[in-house]
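Read from first to last, the chains carry the letters A, B and C; within each, the first residue is number 1.
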Amino acid sequence: MKKPNIWAWFILVIGLIYFFLPLFSVFEFSLRMIKGTYSFEAYRVAFTDPAFFSHFGYSLLWALLTISVSLLLVVPTAYWVHWRLPRVRPVIEFITLMPFVVPAVVLTFGLIRLYAQPPILLIGSPVLLIAGYVVLSFPYMFRAVDTGLRAMDVRTLTEAALSMGAGWGTILAKVIFPNLRVAILSGIFLTFAIVMGEFTFASLLSWPAFGPYMEEIGAMRAYTPQAMAVISFLLTWASIGLFQWIGRGAPGQEQVAGAH
Amino acid sequence: MAFLEINNISKSFASTVAVQDFDLQVERGELVSFLGPSGCGKTTTLRLVAGFETTTQGKIIVKGEDITNKPPNQRNVGMVFQAYALFPNMTVGGNIGFGMKVNKRPQEEIQARVDELLELIAMPGLANRYPHQLSGGQQQRVALARALALNPEVLLLDEPLSALDAKIRVVLRGEIRAIQQKLGITAIYVTHDQEEALSLSDRVVVMHQGRIEQVGPPFEIYNFPKTEFVANFVGTLNAYNAKVLDNQRNVLSIEGQDIQTAQTLGAYKNGDRVMIAIRPERLSFADGQKKVNNLACTVEEVTFLGSIVRVQVRTGEKTLYVDTFNNPYLELPRVGETKQLTFSREAVLILHP
Amino acid sequence: MGNNPVLEEKILTKRESKKGSAQPARSPRFDFNWAWLGVAPFFLFALAFLFLPSFSIVVRSFQGVDGSFTFKNIIAILTESDIINAYQASLSISVITAIGGGFFGFLLAYAVILGGMPRGMRTFMVTFSGVASNFAGVPLAFAFIATMGNAGLITRWIEAIFEINVRQMGFSIYTIWGLSIVYMYFQFPLMVLIMAPALDGLRREWREACENLGGSAWQYWRYVAFPILLPSILGTMILLFGNAFGAYATAYAFSGSFINLVTILIGAQIQGDVLYNPGLGNALALGMIIIMSVCMFGYAYMQRKTSRWVR
């Protein structure tokens, strides 16, 4: 058990090949835009396409909105539950895990059927899109914030602050939030990674975003979509990498995966 | 030849020496405890006997057979772990019978042995419970039964009670001792709790920084500690740096006052500095009847500990503790009061550095 | 951990005292109604965008075109061959990738955690698994098309080495097996992510206790380690099953509608009018919700078993 084991290395190498071969392939493919030579031409083309920036910009906007709404909903709720309604915590946790029960396609289907016809018409604004993304972010956001809160003994801290005469604003801003920074950042990076590449909601609700854009030009052109896949991977790598780096050492930060 | 011989073993990890020149002979049916602070090498020594670590040097011999290089699963020594280490996926019966099962004994024999052991640990009828349904004390009893199931030559206990509440600890240590004596099994008991070691062992091995400091019966370890470390670690202690005045008549000087000891000072020259120790309960306030040794002191603090009252006094530069039995009709010393301390010759212990 | 008896007690006594008399002097700190107000936004949001849509799917599954109650839709998804085929395809791909991903993921986690690897390799593997398990959808599909598609790297290598034309041999990656290979990319890292802490949770003392009682390394795995890990392994495989079952983007970008999965059918329902019957789409979605619920219950059950054993 102490010495490196041949079989362990064998499995690891197989795993690494499986992991890296597709990445290498798509990267190699993206370099072959100019016949007979490797070049970054595809990347140049991708980056000079104004549509790329507008779609990427839309995705950024959706990510920003999603993160804001998700934080506003999850952080106060999680805090409140820890401090005043610990009985309700399992219920909240159950709700945040619902995206695993109701896959994105099914949820979109239900949302459209419910809100795209009278009496309620929400289809003209991105409300449904953001709502869908927020639901999608619940498991990650709640888990991160919940572990953060659990690690700091909310009741004692809040009661101590109250007994010293602090108001609610002060408690949240000076006591709870600084202790939750790592947890919140983790939630933000994960949500960001998910929303930036998301396809299902954006495509089915017909909103411009990076994911559907990639799919669209993938059907029309070669090389540039592959270049974008590489960019997208780097983006995921960066946000998850940051998430792991920030959350290192913090207990219980392992994540659950979403529906793809 | 002793039943279990640990011959001069040493164990070093990468750069640190965990155990050095450990030499001990254990007789059949004896319970020996290894006592010391954490990191003193007591657990490492135990794990060497169990075979979980390999010795860097030295030999371990059980009943005349050298087991130094045997793998742990062929040694037939039973081990009780600190945090129970019961298999969570097996019932109590499954845990106790596990050793017999992997040794391919017939099912009826296992069943009978499990019942017998459950009787021994006073938990009859609980064979079908799972560890997570038991209290800590019960889990540790099951762990003991599991370790005894194969009739091991030696039973090893690695701080078995440290995860339990104080009350259960006292009850369980009595039970462990009773079972050990009933079965006449040879046992090594590792602990950092001096009270535990003193109360249940035939002999205590006090360890410090990988070495043996002193070996002896509990009575001897407590009353005649040989080194400052032992005196300090086992019980509370008042230590003094004293000067030898007369090595023939055993007279020393502390704080400018002469005191006599019952121990001989023949090994020292007049004028040598030695460490001496006096247990708090050997000191008393002189109320008329004086003993050989006397010291003037001022009362600094009085702490009521229930059965005893601990008085902190000052003599010159030094702070001392004096323990007296609680007596509701006796007047307690008052803070600031000047008193005479008195103690016998026998109370003065000479420590080796 | 979730229950706090002290606070519960306070809330209970408050509720009782409120019933008894309207005391104006009571402190607002333990006002029961107030506390519930704090979680109202969250519950309202969940109601509007999670429960109502799901519930409406259930209701509409039993409605005909005119809105009347009917079992027609349910009967249709149980009898119509297109739909049965879609469920079969979705179920097979989920089973294949759950078992395959579970198996290889476990081996990889074992290799990294207990295989005597350097510490850095383990950190790298866990981080990378975090990325890979989230790297799905369109870019993943592109990556695999570039690997084993018609002009893919592997395809070209094989054609160059064996001097054959894979395409003309009728070989296609746009099948259930091809898609399974793609899905495995996010399935088995997920297994690694969940199994790594579980393998870490195997206590050294268990192995030592087993050795001490005469057990061999094989007996340790057979009687102790494997049974302890089994609920986690099964639970995670159920999770993988659900993960594959609900996947849409990857399949859509990879094979368009070559492979008719349930999710692809539902997506088509949203975008157009393939089945001409909205009730049928609802019933399709209902089937998914039911299967996913069963998965979650299975997973929760296994989790409970593990958490009882390993603390």
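One rule holds in what follows: contacts are C-beta pairs under 8 Å (C-beta built on N, C-alpha and C of every residue); 3 or more make two chains touch, one makes a residue touch a chain.
Worth saying up front: this structure is predicted, and the values here are computed from it rather than measured.
**Q** If every chain is reduced to the average of its C-alpha atoms, which one ends up farthest from chain A?
**A** The most remote chain is B.
**Q** Counting C-beta pairs in contact, which chain pair ranks first?
**A** Looking at every pair of chains, the most contacts join A-C.
**Q** Compute the distance, rounded to whole Å, between the mean C-alpha positions of chain A and chain C.
**A** Between these chains, centre-to-centre, one finds 16 Å.
**Q** On a C-alpha centroid basis, what's the spacing between chain A and chain B, in Å?
**A** Centre separation, chain A to chain B: 56 Å.
**Q** At what distance in angstrom does the C-alpha mean of chain C lie from that of chain B?
**A** That pair's centroid distance is 54 Å.
**Q** Across the complex, what residues on chain C touch chain B?
**A** 203, 205-206, 208-216, 219, 223-224, 227-228, 308-310
**Q** Using the touch definition up top, name the residues of chain B that touch chain C in the complex.
**A** Within the complex, chain B contacts chain C at residues 50-52, 71-79, 81-83, 85-90, 98-99, 101-103, 132, 146-147, 149-150.
**Q** Write out the stretch or stretches of chain A touching chain C in their complex.
**A** Interface residues on the chain A side: 1-5, 7-9, 11-12, 15, 18-19, 21-26, 28-30, 73-74, 76-77, 80-81, 84-90, 92-93, 95, 97-98, 100-114, 128, 131-132, 134-135, 150, 155, 190, 193-194, 197-200, 203-204, 211, 214-215, 218, 225-226, 228-230, 232-233, 236-237, 240-241, 243-244, 254-260.
**Q** Which residues, counting only chain C, touch chain A once they are in their complex?
**A** By the definition above, chain C touches chain A via 1-4, 7-8, 11, 35-36, 38-39, 41-42, 45-46, 48-50, 52-54, 56-57, 60, 104, 107-108, 110-112, 114-117, 121, 125-128, 130-140, 142-144, 146-147, 151-154, 184-186, 188-190, 193-194, 196-197, 239, 242-243, 245-250, 252-253, 263, 266-267, 269-271, 278, 281-282, 285, 288-289, 292-293, 295-296.
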